[in-house]
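Note that the chains are named A, B, C and D in the order they appear, and that numbering of residues resets to 1 at the start of each chain.
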Amino acid sequence: MTDLDIIEKTRNRLGDKVAEIAHPAPRRIFITVEPHNLVAVVAGLKKEIGLWYLATISGVDLGDHFELLYHFGHDNGNLTIRTRIPRAQPQVESLSPVIPGSILYERELQDMFGIIINHIPDARPLVLPDGWPAENFPLRKDWTHERTPEIIPGGKK
Amino acid sequence: MKFTIPIGPQHPALKEPISLRMTVEGEVIRDADIRLGYNHRGLEKLAEQKNWIQNLYLTERICGICSHSHATCYVQGVEKLMEIEPPKRGLYIRYLVAELERIHSHLLWLGVAGHEAGFDSFFMYTWRDREVVMDLLEMISGNRVHYAINTIGGVRRDLDDGQAKKILDGLEVLKKRSEFYFKLAASEPTFVARLAGVGYLSKESAMELCAVGPTARASNVPRDVRKDDPHAVYDEVPFEVCTADSCDVLGRAVVRIKELFESFKISEFLVKNLPPGEIAVKAPKRAKPNEVLSRYEAPRGENTHYIKSNGTDKPERLKVRAPTLANYPATVEMLKNGFIADIPLIFAAIDPCICCAERTVALIEARTGEEKIVRFSDLRRLARRRDHPLVSKRNTVWPF
Amino acid sequence: MAVLKTLLYLLVYPGLLFLFVYSTFCEWVDRKLYARFQNRMGPTHTGRWGLLQPIADFVKLMAKEDVVPEMADKRLFTLLPIFSLAIVLTAGLLLPVWFYSAAAAPMISFPGDIIVLLYLLSLPTLVFFLAGWSSTNYFSTIGGTRVLTMLFGYEVPLFMAVLSPAILANSWRLAEIAQFYQKKPILILPNLLGFVIAVICVQAKLERTPFDIPHAETEIVGGTFTEYSGKKLAFFRLMTDIELVVSSGLVATVFLGGFPGGLWLGLLNFVIKTLFVIFFLSLIRALTSRIRVDQVVSFAWKILAPLAVLQLFIVILFKGWIL
Amino acid sequence: MLNRLVRWSRIKSPWILHLNSGACNACDIEIVAALTPRFDVERFGVLLKATPRHADVIVATGPVTKQIKDRIIRIYEQTPDPKFVIAVGACAMSGCVYRGAYNIMGGLDQVIPVNVYVPGCPARPDAIIDGVIKLLGKL
C-alpha cells in the first residue's frame, strides 16, 4: 500500500473526522485530528489499512497547547496522527481499547507532561523516582531543574 | 504457598537495574509486575539544553550496546532537518558500522542467553568470537563500545583498502566460527530443551501489544524497518527479513542467528561496493523550524526518534522510543504461567536494554490472571506436569 | 599408641588435613579443567599454576565479617555449616583407601558400610534444604525446595546404580567389593552403564551444571547460600569440595576397583582414579546447560531409573549364567 | 604471620559484585567482557558473585539515579567487611553527560565511599582489570 493509497483511503472513508493530511516526505504521512475524534480515527484506520503498530506517542509543549503525536508504523512507512489539547484542560481519551500496547506511552505522557488520560485501564499515577514531588512535570517547558550541590569526598583542595 | 519474589534491581540475571516482582506459586509464575525507573536519567530534558552536536554525544550514550543505532537514528533525522545530504561513501561506512554493531549485539545476546540458561561454555565461546568484531569496530572507529563514528553530515573516519580487507577477513572468520558454534548449540539437547516452548507469545498478542524487532519476528510478524522504510543505503542492499513461527525463545534465538548471517552478507556488500568520494559534508549550526520522524532498525527492534527544531541550535523536542520499552508489555505476557527458572531466559529473549528504555519512566502492571492457592503437596505435581503443550510443537528449525 | 594412631588417622591422614588439602586440590583441578574447556586460563597467579587459589579463597572467607540475617534462626543457621562438614568428613573416613594396616579398625570398615556411606552422602542435601529454609530469604527458600525436589529425582537411580556392582561382588562391604574387582578387573565391564548413571547422579548430588538448579545464579541469585557469608560460606564451600572427593571416591571404589597397593601406591591409585571421575564431572559441567527442576525429575525417572533397572538385570543375569 | 596470610588471601581472591546504578550498559558489557577468554580475570582469582553477601569488591557503573540510591546503600551495607568499591567509567565518577539531569545524584561517591576510580567512557576491560589490581596493591 503506497502513501497515496493511504491518503486516498483516509480521505474517502474518514474524511469527515480528519482535519488535515500532510505528506512532507516519502513514507511519512501526518494526519491532524480533533482530540474527540482521535479514538474513532485510529479505530477506523486500524480497520481500513491494518494499522496495528503504535510506535510511540510524543508530547510537545507548545506554550498554551500540548501537541500529541501518535506515531504509527505500517508495512510501507509511517503515519503520524497529530492532535492538540489546551494546556488549561489537558485531557485526552485513552487508545488502549483499540491498541492495548499504547498504555505504556500514555502513562509516560501522564508522567512527563501531566496530561490526564481518560479511561486508562491502569490509572495509578506514574511515579518518577519514589517520592517525586507532585505537580512536577519534567518535560514541560516551564519546569526547570535546580541542581543539587555535590559533595566532593575528601573536600576541595 | 503463594508469595512474591523480588528480582532486581540488582540481580545477576539482569545486568541492569530493573525490578521485577513475581507472584509465584512454587515454581510457577502467576503474575508479573515490572518497575522501571532505576535507570531513568532524564535524557529528553537534557537534550533540550544541548546543541545539535552535543546531543550526538548524548544520544550515543543512551545505550552502550546499541550506541550506534541511537546516534544514527538521531543523525538521520537531524540531517533531514538541516536539509543536507551526506555523501554516499559516508553513508556506506555509517551503515557498515551499524551492521557490525548488529553482529556484535547478536553475538552478545547469544552468549547471554547461554549464560542465563547456565550454559557458560557457550557464553565464553561466543564472547571470545565477539572480540573479533570488537576489534574490527575498534579499527574502524577507534573505540570498542561508543564508536562515535557519526557526525552530522557523514562520518568522522574513512576506511582504506587495508582496513576493508581486514574487515572481509574478520567476517569470514566470524562466519565460520558462528556456523560451527551454532551447530554445536543446536546439538546440545539440554540447551534446546530449555529454549523450546518457553515464553510463548502468539502472533495476535505480539501485534496487539505492539512488539518490535526479533521478538515480533519470532512470532511471525515480518516487521523490519530496513525493509518497510528503506532509508539511506538499505534500498540498494540485498537482504531478507528473517522470521520464525514458533513464537518462543527458541524462535527468537533462530531469528537472531539468521539475522547474524544477513548482517554478514550486508557488511560484505557494503565493504565490497564502497563508493569513492568524500565522507562528510559540512553541516550548518542551526536548523529551520521543522519536524522529522526518524526510524532505524536497531538490533533489538525499531528505534523511533521524533525531532522538532525551532530555528535555534538546540532541538525543541527530542523524543526517543527504544525497542525494549515497546517489548515490555509482551514480556509480561510471556512471563505469565512460566517457571521461575525461565524468568531470566524469557527476559533475556527480548534482549532487554533497560538503559535505552528508561530515558523516561514507565510502570507496568500485569492484568491479573486466574489465580488459585496451591498447597505444597500440589507443587510437586505442578512441577512434573508439562505446563506448555507447545514443547512438542517444534516447527522452528535451527538454520543449519 | 593405638590412641595416637587413631588420632593421626582422624586428623592427618586420611582424616581432616588430608581431605582438606586434597579437596582444595580437586577444586583447583575442577576449576582449571572447566576454564580450559572454555578457552580460558583459570587461576594462574596464586601459588604455582594457581594451585593455592582454593586455599586463598578459604582463608579470605574465614577472615571476613560473618553476617547472620536478623530474620534467620540463628542457632540452626550457625550450626548447619559445621554439621555438614562433620558429615562429609565422616563419610570420607569410610572410603577403603585408608587400608594401610591389614586389620582395619572395625569402626571404619564393616559389612554394609556402602549403605552408611550413601546415606551420609544424602545428609548434606537435607542440610542444604535446612540452610535454605532457615535463612528466610525468598531465594534461599526456593533454593531449598528445589534441593528437595531434586533429591527425589536422583537418589533412587544412584542407589540402584551402586547396587549392581555390589550384587556382582556379593558383598555389602566397600573393601570387599573393591578387592573383588581387583582380582578380576574384567568384571568391571558389565557395570559400565551403572558407572555412567552414577556419574550423572553424583553430578546432580553435587549440584553442578546441568543440575545446579538450587543455586542457579541467574535465577535465584545464590540459592540456598544467598544469606551465608564469611566463615559459614567457607565451611559450605569446603564441604562441597570434600563431598566431591568422597563421592568420586565412592564411584571409583565401586566401579573402578578401589585403590590397591598399600599406603603410597594406594594413595597414588586414589588420586588417579578420583581425578579420572572428576574429569568426567568437569566435562559434563562444561558441556551442558542448566535444565529446569521438572526436567530433572522427569529425566531421572524416565531415563535414569529404567536404565539403572536394566543395569541390575544385566548384572543378575550375568551372575546367574556366567559366574 | 596470620595477618600476612590473611592479607595474601585477600589480594589473591577478590570476589566481585557487579552493580549497575543506572549505567548505559557500555561499562557493563566491558566488565562482562573482562570475564571472557581474552581477558579472563579468573587468572587473578577474581570471580563474579551473585549476592553481596559473598562479595569483597563492588564494581559499580553508571550515574546514581534517585530511585536506585537507597538500593545502593543497602547493597553496600549487606556486603560483609572488609569491602571495597570500584567506580568504573566516567558516569560512576562524576555523572558524565548525565551530570545535572533532574534524576541524577551525580557520581557514585555521592552515595557510598569509593576506593578506586577507573576513568573511561566506557573503561576498557584492560583498564578495569588494572583498577582491580591497583586496588589490591594498596591493601
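Just so it is clear, a residue touches a chain if its C-beta (ideal position, glycine included) is under 8 Å from a C-beta of that chain, and two chains touch if they have at least 3 such contacts.
Small disclaimer: the values here were computed from a predicted structure and weren't measured.
Per-chain CA centroids place chain C at a distance of 35 Å from chain D. Inter-chain centre distance (chain B to chain C, centres taken as mean C-alpha positions): 42 Å. Chain centres here are Cα averages; for chain A and chain B they lie 24 Å apart.
Counting partner chains per residue, chain A shows two or more touched chains at residues 128-129, 138, 145. For chain B, residues touching at least two other chains, in rising order: 11-12, 37, 40, 42, 45, 124, 128.
Residues of chain D found to touch two or more other chains are 36-37, 50, 65, 67, 100-103.
Contact topology of the protein chains: irregular, matching none of line, ring, star or complete. Touching chain pairs in this entry, ordered by label, are A-B, A-D, B-C, B-D, C-D. Chain contact summary for the complex, chain D toward chain A: residues 65-67, 100-103, 105-107, 109-110, 113-114. Residues of chain B touching chain C in their complex: 3, 5-6, 11-13, 24, 26-27, 114-122, 124-125, 128, 188, 190-191, 193-194, 339-344, 379-380, 383-386.
Looking at the complex, you find that chain C touches chain B at residues 37-40, 138-139, 142, 145-146, 149, 152, 209-210, 212-213, 216-221, 286-295, 297-298. Listing the residues of chain D that touch chain B in their complex gives 18-30, 32-33, 36-38, 48, 50, 52, 62-63, 65, 67-68, 71, 75, 96-98, 100-104, 121-122, 124.
Contacts from chain D toward chain C in the complex involve residues 5-6, 8-10, 12-13, 36-37, 40, 42-45, 49-51, 53-54, 56, 78, 80-82.
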